[in-house]
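Just below sit the structures, each encoded as structure tokens.
Below, chain A partners chain B and then partners chain C, in two separate complexes.
This part shows the complex of A and B:
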């Protein structure tokens, strides 16, 4: 199959990469992996469920702070920290998602953003626990991961593992049910699905993987700051997904590569990064409405012509 | 026991009484129709029975269990499904996927997160494609189907829920005369061969007579006549309501 060929090729390149590029670019590659995982988790809501979350960074942030605090204050091994990051982000997603899935479209976007900002302010203000606007410093990974190339491989395998799980979910009956909800939520109710409950489950799963991505960030940067939960940070997976293509599983990953590389290249010689990314987004939206992968995946065209985002999904009379 | 029992059901929209004190019953295995001119309240009645609208007052029972104002998905799970008047399908999914989604839901497999859906419910989906005459459109994106085929798909989705009681809201709306006959013959077969209890609406009286065993005539939200087709045809009020409007 063509797709598996590309996947194997990308995998081989990813394995070989650290031996052919310098340390700066290994850092960039790790960032691509982490933000790509974050963006793919975001797209479980946007591409598969049809709802735009503008507060997804909150769960990324909760995951980052969970692992960061655990590494600073406990002797727990890193993988355990990641599990706790996922659990903590999932729990936050459960609490806030409970309210968010009652809404759709722009109201869903606004409520996710409001809850995201709420988490941001809590982290920002809670000096005793989170270090407030100072963030957390000195988050050191275990010795065998101190070498950035080692951390790269570590991140690569975790991200691949997470992508495999999310890919399985997207191909499962649950994943197809999410597509059904995106396509016609009302019909989905009338075949016997509790739409809100399914949306909530998906919201929690997406939150958990965002939490895992966040967890990977602290030991990589050796520090974290509250900014990584705020709404600008929530915009990053949106941009990546729009660039790469929301209707392809790997779209957000491709978007993460383009976005992060551009960022690394552009900020080297100009401070006009927002302008640059703004222009890129405008070009993509106008000339590549299905994103980069949308170009490749012709079979999705019928989906492209359809308005992707928020439909009149609201309904009454169902409890979670 | 009655499979469906409706007591004094009422629903108004603003000042408009769309369902006006309707009491209604169905026996298991029955094939019945509700007729009435445009705006008589047929769809509203279905919408109340399937949880689309909340009733202002009155009670609904399915096999003795009260289901008044239950959520749609709960009602479906009990064994009631419906086809909508304006086809309500998944326009971006293939015909095959449309039907499979209903079947997977009925089979309680939609919380399965890790096995591929691709191999699931193949036989059941093929079967329904075949029954509804959509086999050759299995891989067509449903939004690109013709109006008549969309209505067929609408029916197939409702059947995918494996209901005991099936509501069909103008199942032949927008169909040619030939498609209409085909669809009504299918409805009849579902009733005879599978023992499905079916209630359908129609505003064209002539379609109804060959098929329904029981007829209920709605007018301005209220029942004005009920009985077998022969009785209803003779009914003076019915003739007056339909005079100049239809047939």
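This part shows the complex of A and C:
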């Protein structure tokens, strides 16, 4: 009840936003939507499956390159490109995820990173196909999306659609099975669930939505660089999720808003953005485990209405 | 030609070993994967440059600078452990990783603020400036020095861990924190010491790297990933494993760059992925630790 009120409010604000803010901030808003979708897809692995992927940018990058290349070399309409982006990223996630889900913890993190770097080096070196370190230039969206405000609404509806689908997945029996695996993989196996297969399906879903987010990026930026596949880029959804709160579905989205707004504000008057975000992350890790939404839960949701249990990531409270 | 390539791979491997051994030591004892290891390594290189710059006329300028850089970096490591790392021992893996990753961002920007964006170059003393000839093949004499230091650190660490009282305590702490602490040994002090030692070796590695080529911002980003790969291949916490894996990675890189230059770096990740899939605990690690 209370949450649906907030969601409707956020939706109305999102609809009205482009008519009250300048073009620069519309760009920032689009970036928030794209990176927010990327971070929510990452949190399918981190928050719901309990595994930290440090190579999620690879699937984001595969999606970006798929749409970018299709727009440059074929006359396919944009929505079709997005579907192919999702399929390509999902395929990559299927191949690499098959191995990754055999491991957990630190080994999962490093294997996802190793595969991510592998994809990065392939894209970086394959000049004939991906343009190597020059990236892809001149990715132009169709005419009706050239106006940045139009692209904003287009992105808004795609991201909302994707969030609804991911929300339904996380609320489905499948989503609850993922939570069970996160909390105790061994017990989940004992009740007859094929843990690896479930983890792999989840890995592919997360990869597909990262691919969709990547697909949205190319026509927005008009260019793609291989840097958006490397491990530093993989850190961005991790930051957003930890700032916003990994135990809430919308936590990564909140984190994306904070991170991107901070980036837009800070880079306006200092070049030392990494220093700033580094300090923010340290403060969040030390003093705000559970992220912003974790804090909101702890402070404002009355104890008697919801039983609070300590989360697996050091945060407080169950999913909101 | 092949011998020269072998030696270049050896020196590259030794350099990797110097970075990865501290990383592996810290992970083995403290269970913390230190993302900031290579960033600190780069600070070591810049510190070496500064000390060298301040002592233009000293006969042993470079050698003294290397030692001072490693020592002052150990002090930095000691502070970082006492102020930050200590607070996250009982936290989730993701939080520990994020904390050290945040340190990378901070340290890299601090380097930019302190030393600026220009590349730094150290002129080598005449002793290691020219080539030497072994079996008729010209070799960079500085590489010989690097290889010697690598072997020296490997032997020194082995001796420390196997033969000294402190080494025994450190190895015992790897197995059971509680037991060691129950024997009245202050675990926090051991951890601080191990972290400072790991960072000391990183500083030594950075300072030794400094005169190899120019010191550039962002050098650490590629190095940290390779060091992770080495530690994974060798097995977390295994000194011998790290040593062997460093040499393998160094040689594989040196030879694959002759045959297939585009794939040289990608090959490391393929090897790492293969090891993780087949033996997640690494070539020389023990399955119990997983």
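Operating definition for what follows: the second predicted complex is superposed on the first by the 297 of 320 C-alpha atoms of A that agree within 3 Å, B and C clash if a C-alpha of one lies under 4 Å from a C-alpha of the other, contacts with A are read in each partner's own complex, and residues count from 1 in each chain.
As a convention for this text, a residue touches a chain if its C-beta (ideal position, glycine included) is under 8 Å from a C-beta of that chain, and two chains touch if they have at least 3 such contacts.
Small disclaimer: the values here were computed from a predicted structure and weren't measured.
Trainee: Considering only the touch criterion stated at the top, classify A:184 as touching first (chain B), second (chain C), both, or neither.
Mentor: first
Trainee: Answer with first, second, both or neither: which of chain B and chain C does A:238 touch in the superposed model?
Mentor: second
Trainee: Identify the partner contact of A:272: answer first if only chain B is touched, second if only chain C is, both if each is, neither if none is.
Mentor: second
Trainee: Quick one: is A:152 in contact with chain B, with chain C, with both, or with neither? Answer first, second, both or neither.
Mentor: neither
Trainee: In the superposed arrangement, does A:172 touch chain B (first), chain C (second), both or neither?
Mentor: first
Trainee: Kindly classify A:203 by the partners it touches after superposition: chain B alone (first), chain C alone (second), both, or neither?
Mentor: neither
Trainee: Give one of first, second, both or neither to describe whether A:194 is in contact with chain B, with chain C, with both, or with none.
Mentor: first
Trainee: Tell me the contact category for A:42 with respect to chain B and chain C: first, second, both or neither.
Mentor: Touch partners of A:42: none, neither chain B nor chain C.
Trainee: Chain A residues touched by both chain B and chain C?
Mentor: none
Trainee: Where on chain A is chain B touching in the complex?
Mentor: 165, 168-169, 171-177, 179-180, 183-184, 186-195, 198, 201, 302-303, 306, 315-319
Trainee: Spell out the residues on chain B that touch chain A in their complex, using ranges where they run on.
Mentor: 50-52, 54, 69-73, 76-77, 81-82, 84, 88-93, 97, 100-102, 104-106, 109-118, 120, 141, 143-144, 157, 160-161
Trainee: Which of the residues in chain C end up touching chain A in this complex?
Mentor: For this pair, the touching residues of chain C are 33, 84, 87-88, 91-95, 97-99, 101-106, 108-110, 112-113, 221, 225, 228-229, 232, 236, 262-263, 265-266, 269-270, 272-273, 276-277, 280, 290.
Trainee: Show which residues of chain A lie in contact with chain C when the two form their complex.
Mentor: Of all residues in chain A, those touching chain C are 46, 52, 54, 99, 102-103, 105-107, 109-111, 113-115, 117-118, 121-122, 125, 231-232, 235, 238-239, 242, 272, 274-275, 277-279, 281-282, 285-286, 289, 312-314.
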